[in-house]
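In structure tokens below, several structures.
Below, chain A partners chain B and then partners chain C, in two separate complexes.
Moving on, here comes the complex of A and B:
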């Protein structure tokens, strides 16, 4: 009940039973964001997520930098998933600049993007483990990421922010003997993540914590505009790699993991299944990749777009569909750039999921949304 | 599957780890092995050569003082400044060369892509910490030194688990 006593100044009458609790913005259970929770005893009555603490103006910065020097900036929102964050921008810039991409570069991009997806999900899984008090599940994924980070380091020269994709292909060719090393480490990585079933996913303690908490029905998932693993955990078969294939994803055989429960357990299990699918895709791409050839179309140092145009491209990132909208006015810089990020779209579901839950279930529901605060704030 | 069985299976999965090899790396004593001699770029083909993006290396006999690396860095980190150098090179009439501030550098390597004269490469040297801000600024003379990087450990996968051999 709100009464406005002056323009802009409102008084709210509160129930004596209801307590307002700020979780965050410096709480280890929330990341760089605040969740304003109203609780009645142990039960959540209402919840208001409050992002925006790490807004860095990435979109505005992009208007003052040319198409090449934008690359290190635009991968900063999610540094663990930096290839996938950059992917829609690179695809859009290629269409604006009118560049053809060599076939081998497309396969290298697919491998890099799938490796990055796994690196991101492992980091997410490590934090999900420690949110639930399962410290083994923090140590194992944090250690097993190393196999893939090592591959990305060999491929691009950097462990975290790679700056590897450019309009026209990738920055450098694969190092010698990379295919064998990649196959060996990816196979071992898949063997390792299958061991997580006994210790985490089939663990009765985890199941009792997450099953039937924060249930999102199929209709609500579509109505609220969620995406990625949240949408697939609610029973919607939607993956941009299959539905709108970009680069060479249409030549690869991809299976979409769908669960129909829509609870926190399903949302935490879908990324784990996605990692195994990513290992599958990497193996297929290594097999089908042309063994030699160019990896980058040569560009002028400061390329200009041909005509004023707009372009919208989207890819399936580790969290869901990630879009990039570029308006060009024929200069060396984009006129306007906008990112449509999956984290923000998944966060919208949080108030609906937490209503009626116990306060102790908040971390398990919140982090199961595959939410990354820095990406939501850009 | 009952609750007790599930918990026992989870414990069993953890106990197995007592038998497999240690995967962590004892960093200052052991160091990771990298591919190649650092990230390099071939301007004739427009494609780079894979390697670690670490500290730069400047070849004084190739640098013409054209400032393209500095211009490339303007939109990224503004880490490169062009400074006067005492020695006189035939190809470098202005006698200016890049000086790199590693407090600002993000190691993206776009300056290496910008150099058309094979003068600026990146090396495997990643241990750049310093006690002062001034210690992070590398002059052209410091950049010309080829670093020595010890590399001995590589990931090895055996039947008893992975290890840094």
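Moving on, here comes the complex of A and C:
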């Protein structure tokens, strides 16, 4: 029995034992989405995530913008990971337009994308801390990520929305003296994040709240199609930077962090280990980068693709593998563009993980899925 | 005499009249004091609508620390809030919820439209699912431009709002 009181809002008759609870969209523990949970006492019986509050039609919009003007709005799904979310589109457009990328630009892209991964994970960690009621863990990452944002601001001119990657390279060359500053900041950053172990990861309160909650087995992780840190926390060694290297990742030495437990603790620890790996990658890339050279192959205005073609490119973003499928019919705009986003694929695991959990464990399981609602809705 | 006049049926009328008289009395002398109290305790609602929430979060980080201007981090309960910061795009699905949140808040309440999307639709002006600005949904006090606005810009918007509250008639909201 439901009575509609507003478009999309309804009153529901309450069951005797099972209670339906709406968590979000206005809730400190939900973000830009709604989770409808049914609880029996304190235990969750069923859970139905309801995304789509930020569906802005990115894919449709891409069909009436040309290959260059598509850049700004395609990085908006995850503005704090904007280089990575743009990466597959840029790789795909390059293949369609048939452009070569200079060597130095490839290294700059790797550095920018790793810096962005750290910026994303730090924000994620800050929110994870505040979800668990751990205010220090909000303040520390939120403060430390500003140093990396400064670096990106030096490089591209904007705090979060860089629009730095373009088909054919990167928009600008590095500012003078960037390498030294970057190395110094990254070393400091790595020292700082190691201190998080004492305040957060070895904290008995965190461990008691996240260990053995929301366990995702290896088989389930593969069956449900999760990616990224969720998959690696369940014991699957899968990282696109190693398995399907793009740009210059094959020349760098990358270690994949894998944990076997598959619980919320493992899922919260893997991104933290990933950040340290990112610091390693940045140091290697700074060393191997050609010291001078061009960074951008200039395009003609309004470039057209040569033949009708399709292309699918994937990269490893801060959340997992992010794909972009472009169909071109030889015009200046893509005929169809599809983003395959990791957030949405990780969200699918949520109803399975929450069944039988206590309601109080919901935030720690939900946010451990490395989920960003804006990206899932596109 | 007075006792006979006030019966249980019309008691609320008398209370209302008393309220009117009080309002007039506090308008001039106490209005300043009330507004002064309001500007240093703005509590934003925790409603995130799109990607601008990243910069809203950064504004309460140690570097920007919006709390020193009397604006506390986003808060859960609507009944204790008096500020809605609309953090970006409002889609057709979110608009009724935003209105519902706004209607549930007690007076006085203020609205900051943060980001180009909340002002005019911004980058998504021609998308099929995005409203061209929130003026049609809730009344806006301060517009903070940018895509996303830097935390400094947001803080400036909050200070502008405080200036505005200082000049408002306290009586309007009692």
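Heads up, the rule we're going with is that the second predicted complex is superposed on the first by the 363 of 378 C-alpha atoms of A that agree within 3 Å, B and C clash if a C-alpha of one lies under 4 Å from a C-alpha of the other, contacts with A are read in each partner's own complex, and residues count from 1 in each chain.
As a convention for this text, contacts are C-beta pairs under 8 Å (C-beta built on N, C-alpha and C of every residue); 3 or more make two chains touch, one makes a residue touch a chain.
Given the structure is predicted, the values throughout are model-derived calculations rather than measurements.
A.B. asks: Which partner does A:54 reach: the first (chain B), the second (chain C), both, or neither?
C.D. replies: Only chain C; A:54 stays clear of chain B.
A.B. asks: By the touch definition at the top of the document, which applies to A:188: first (chain B), second (chain C), both, or neither?
C.D. replies: Touch partner of A:188: chain B, not chain C.
A.B. asks: Once the structures are superposed on A, label A:172 by its partner contacts, choosing first (chain B), second (chain C), both or neither.
C.D. replies: In the superposed model, A:172 contacts chain B only, not chain C.
A.B. asks: For A:25, decide between first (touching chain B), second (touching chain C), both and neither.
C.D. replies: A:25 contacts chain C only, not chain B.
A.B. asks: Classify the contacts of A:126 with the two partner chains as first (chain B alone), second (chain C alone), both, or neither.
C.D. replies: second
A.B. asks: So, does A:43 touch the first partner chain B, the second partner chain C, both, or neither?
C.D. replies: Touch partners of A:43: none, neither chain B nor chain C.
A.B. asks: First (chain B), second (chain C), both or neither: which does A:73 touch?
C.D. replies: After superposing on A, A:73 lies in contact with both chain B and chain C.
A.B. asks: Can you list the residues of chain A that touch chain B in one structure and chain C in the other?
C.D. replies: The overlap between the chain B and chain C interfaces on chain A comprises residues 64, 72-73, 143, 146, 161.
A.B. asks: Any idea which chain C residues touch chain A in the complex?
C.D. replies: It is residues 45-51, 53-55, 57-58, 60-63, 74-76, 78, 89, 91, 93-94, 96-97, 100-101, 123-124, 126-130, 147-148, 150 of chain C that touch chain A.
A.B. asks: Going by the contact rule at the top, pick out the chain B residues touching chain A in the complex.
C.D. replies: 1, 3, 6-7, 9-10, 12-14, 23-24, 32, 34-36, 38-39, 41, 45-53, 68, 72, 74-77, 106-110, 113-114, 122, 155, 157, 162
A.B. asks: In their complex, what parts of chain A are in touch with chain B?
C.D. replies: Contact set of chain A toward chain B: 64-66, 68-73, 136, 143, 146-147, 150, 153-158, 161, 163, 171-175, 184-185, 188, 195, 198-200, 202-205, 207, 294-299, 301.
A.B. asks: Which bits of chain A are touching chain C when the two form their complex?
C.D. replies: Touching chain C from chain A are residues 6-9, 25-28, 31-32, 52-57, 60-61, 64, 72-73, 76-80, 123, 126-127, 139, 142-143, 145-146, 159-161, 374.
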